[in-house]
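Chain lettering (A, B and C) follows the sequence in which the chains are written, and residue indices restart at 1 in each chain.
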Amino acid sequence: MAERVLEVEDLCVEIPIPSGMLRPVQHVSFHVGQGETLAIVGESGCGKSLTSLAIMDLLPSKAKRRAERLVLDGDALTGMTERQMADIRGNQMSMIFQEPMTSLNPAYTIGNQLTEAMLRHKSVSLAEAKDRAVWLLEKVGITAARSRLGQYPHQLSGGLRQRVMIAMALMCGPDMIIADEPTTALDVTIQAQILHLLAELQDEFHMGMILITHDLGVVARVADRVAVMYAGQFVETGTAAQIFDSPTHPYTQGLLECIPIPGKTERGAHLGSIPGIVPSLVGEIRGCHFAGRCPYVHEACTAEDVSLRPSLDAGHEYRCVLSPQAAIANRNKQAAQ
Amino acid sequence: MAVTEIKSDAVALEKAIEPSPGALLRRRVFSHMGLMIGGGILLVILAMALLAPLISPHDPYDQILDRKLIPPVWFDSPKVTWAHPLGTDQLGRDYLSRLFWGARISLLIGFAAMLISGVIGTTLGVLAGYFGGRVDMVVNFIITTRLSMPVVLVALAVVSLIGSSLTVVIWVLGLLIWDRFAVVMRSATQQVRGLDFVAAAEALGCSTWRILASEIMPNVTNHLIVVATIEMAHAILLEAALSFLGLGVQPPEPSWGLMIAEAKGLMFFEAWLITIPGTALFLLVLAINLLGDGVRDVTAPENRN
Amino acid sequence: MLQYVLKRLGIAILVAVTVSMITFSMIYLSGDPAIALAGETATQEDIQNIRRVYGYDQPIVVQYANWLWNALQGDFGQSHYLKKPVADVIFERLPTTMLLGACALIFALVLSIPLGVVAAVRPNSLIDRIALTIAVVGQAMPSFWFALTMMLWLGIYWRLLPISGTASWANFVMPSIALGYYITPAVMRLTRAGMLEVLSSDYIRTARAKGLRPMTVLFKHALRNAIIPVVSLAAVQFGFMLGGSIVIETIFAVNGLGFLAWESIQRADLPMMQAIVLVLSFFYIILTFLADMLNAWLDPRIRVM
């Protein structure tokens, strides 16, 4: 197993709102190794973006972060001052956002925005930073890179901007990169290119990557390990193969039925849907968060909190009162119908 | 088992105790401090203006020359008398009575000028916002032209050329300060025009005037109210400035601006002469502004949850 | 960019021509200008004479063309009262008003922009509340009353500053504050609103994710974008201030254009009044044109197309 770049243990985010305490992220734990891609999957509002912002310490000012352990390259991020955190952001750990159209400052040139992080973190000259920017722009597949430095964001298409965002995240050679739905806002034809590019670069630079997405198709292609998030909690984690071949949690099972996976879903097969709505995360929820929508719900589900527990294979964990055998049997029954 | 039932019960209960939109609006209104303070002050001044003939202790025009410059009651002076709670001016006129009657002039001019400018500005703005294109270009040009003429100076010049009176002041101000109505109504209409229900009304073949009256206007009313308060305050301040410069309301009318102008020569000795009408003017404008801000806060769509 | 400049320039010229027509027609507001000019004791013959001398007997279009042609060459005619060329008097007084306006603008911007920025960075904090209070109070304060009150306290009671004239820099302090405070609320609110919007934008999050220093994020990334609308507003408000300087200059006896305007109105000096309105309007038009240009330069989305 590769050396761990990022370790997260018991991460919680709490936001006080008028009607009580909102807990969008609850006791999330995971780790990412060098050159490894962890995909965090879940529907919108499940807390996956807040998880990434919490790691970067970029949460909105009202939101409070708590974590047992939050370690990057062996340094604890918990208890770091804002100044120390700023030294790490964009340097050892950087982030790619969902909205390439609005994530670049309209007032400055691409070159200016590419070089500023490097000038801030590394002792390099402007010329050196520009050279690196050009080199990276070429890496992310932008032609006439040097002349692009003088262009403004509004002169570039969405796909190009996202390539620029990726280059920008790589400027300081980070060990860890967090991509928060990097392809959601792009045309379908460009989505695949950008993902392919990300996977390639991650491999080349040997970075750890967290890929946040709601698109299971994306996950199947690039993720090493997958964490399925529902209503603020990880409900199932495992390798990509484990999650796709033997999903154990009823939510994961439902999620996989909703989406056709290339090569796995038969042509013409019926796609499922999960009835019900996500529970409110204000205050404490007793028991399983998915109980309200789960087809197999019974008394034990809401009796007490359910913790993550091992499934059949090593490294595969899920959060359900059912035994793995029973859960998988349920799925097969469902599929047979 | 019954988890889903419990959940649906909870939802039903929530629905049952959820207040109606009207109650919600009332609650927001009453919990908005600025709105309450502004509304309160305005009500007091409105009452002063409406009841001036009844509550004034004296005739505001009555000059009692042996009772000149009596200070207000809180001053430590032998001349002080409760017959003139706010004292008398340099011509022996009761200051409190003049203040009450002055409220009438300020409110009348402010309201009338706002009405005139509101009609002009709203018409221009709504037409520009709804029709766009050429109409919009022309209206924009008219607004720009109007904005480039200095209001105070033009008002003063015009009033001096055609002679000053209450009606003239109202019309001059009304014809000058419609620009904000036009600008705000134009953009508000543009926004509403882009919404689906307008497209739906168009698709149903409703006439343009019907769409303007029943689809556009009701949805820009909150903007209209806010601008109306701003412009009423603006008109009141302009009237006071005009009267202060001697080209607005003419003596012996008790305009607050004129009262300050008349007391100007004496202000170094009897500062209260300008403090009292000045404070009244300030409070009136403050109240109207607070009311406008409050209406904006309470009706702003982002506050509607 | 060139196309944008030319379009703006075209509109500016068109507005200027329209304004000049309106200003020119001012002389007919009081009826026949020749009668007004001749005075009550004039005979029919005197009036005929005046008509011929001043060209009032010619068709109105010819009169306007002549007037505009002369005005463009800097000839605004003779002052009826001072018996001097209007242009000479105006250019003698203009620098004082410009100086006053500039000082007032600087005062307003130095106060309002930092306050707006701080208020936006810490919304609902003590500073934000103080800033909001200043804005609300400032907007409600009649400028002439504020000027008089300031004069009373700073000038008479505490003897800190001279109360009238233009003898030294100290004379400009109170008029600048009195003139500048009026635009402070608007600039502050716009700065605050702009900063709030920009600070919650995605590109600020990007900048923070790069680990940039808070000051770099605030000034390089946020303020630069938030300031763009403030530039336009400041230009517009500067124009309004020059128009409003008539009140302040009159109070503090600052011998500028505003004071001249008031004197001319008192003396019914029509050519002078016309010229001042025209000069201030043109100044406003030039100012907004320059602000548009500055805006375009600040905003690459307009500059680089």
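The working rule: contacts are C-beta pairs under 8 Å (C-beta built on N, C-alpha and C of every residue); 3 or more make two chains touch, one makes a residue touch a chain.
This structure is a prediction, so every number in the text was calculated from the model and none was measured.
Asker: Shared touching chains for subunit A and subunit B?
Answerer: C
Asker: Report which interface contains more C-beta contacts, comparing A-C against B-C.
Answerer: B-C
Asker: I'd like the Å distance between the centres of subunit A and subunit C, where a centre is the mean of that chain's Cα atoms.
Answerer: So the centre of subunit A lies 54 Å away from the centre of subunit C.
Asker: Round to the nearest whole Å and give the separation of the Cα centres of subunit B and subunit C.
Answerer: 24
Asker: Where in subunit B do residues touch at least two different other chains?
Answerer: Residues of subunit B never touch two or more of the other chains.
Asker: Which parts of subunit C, given as residue numbers and ranges, touch two or more other chains?
Answerer: Within subunit C, no residue touches at least two other chains.
Asker: Could you pull out the residues of subunit A that touch at least 2 other chains?
Answerer: There are none in subunit A.
Asker: Which of the residues in subunit A come into contact with subunit C in the complex?
Answerer: 56, 58, 82, 85-91, 94-95, 97, 99, 102-109, 116-117, 120-121, 151-152, 154-155, 165, 168
Asker: Which residues of subunit B touch subunit C in the complex?
Answerer: Contact set of subunit B toward subunit C: 34, 141, 144-145, 147-154, 156-158, 160-162, 233, 237, 240-241, 244-245, 247, 257, 260, 264, 267-268, 271, 274-275, 278, 281-283, 285-286, 289-290, 293.
Asker: Give the list of subunit C residues in touch with subunit A in this complex.
Answerer: 201-203, 205-214, 216, 220-221, 224-225, 298-301, 304
Asker: What residues on subunit C touch subunit B, complex-wise?
Answerer: Those residues of subunit C that touch subunit B are 11, 14-16, 18-19, 22-23, 26, 29-30, 136-137, 139-145, 148-149, 152, 156, 236, 239-240, 242-244, 246-247, 250, 258, 261-262, 265, 268, 273, 276-277, 280-281, 284-285, 288.
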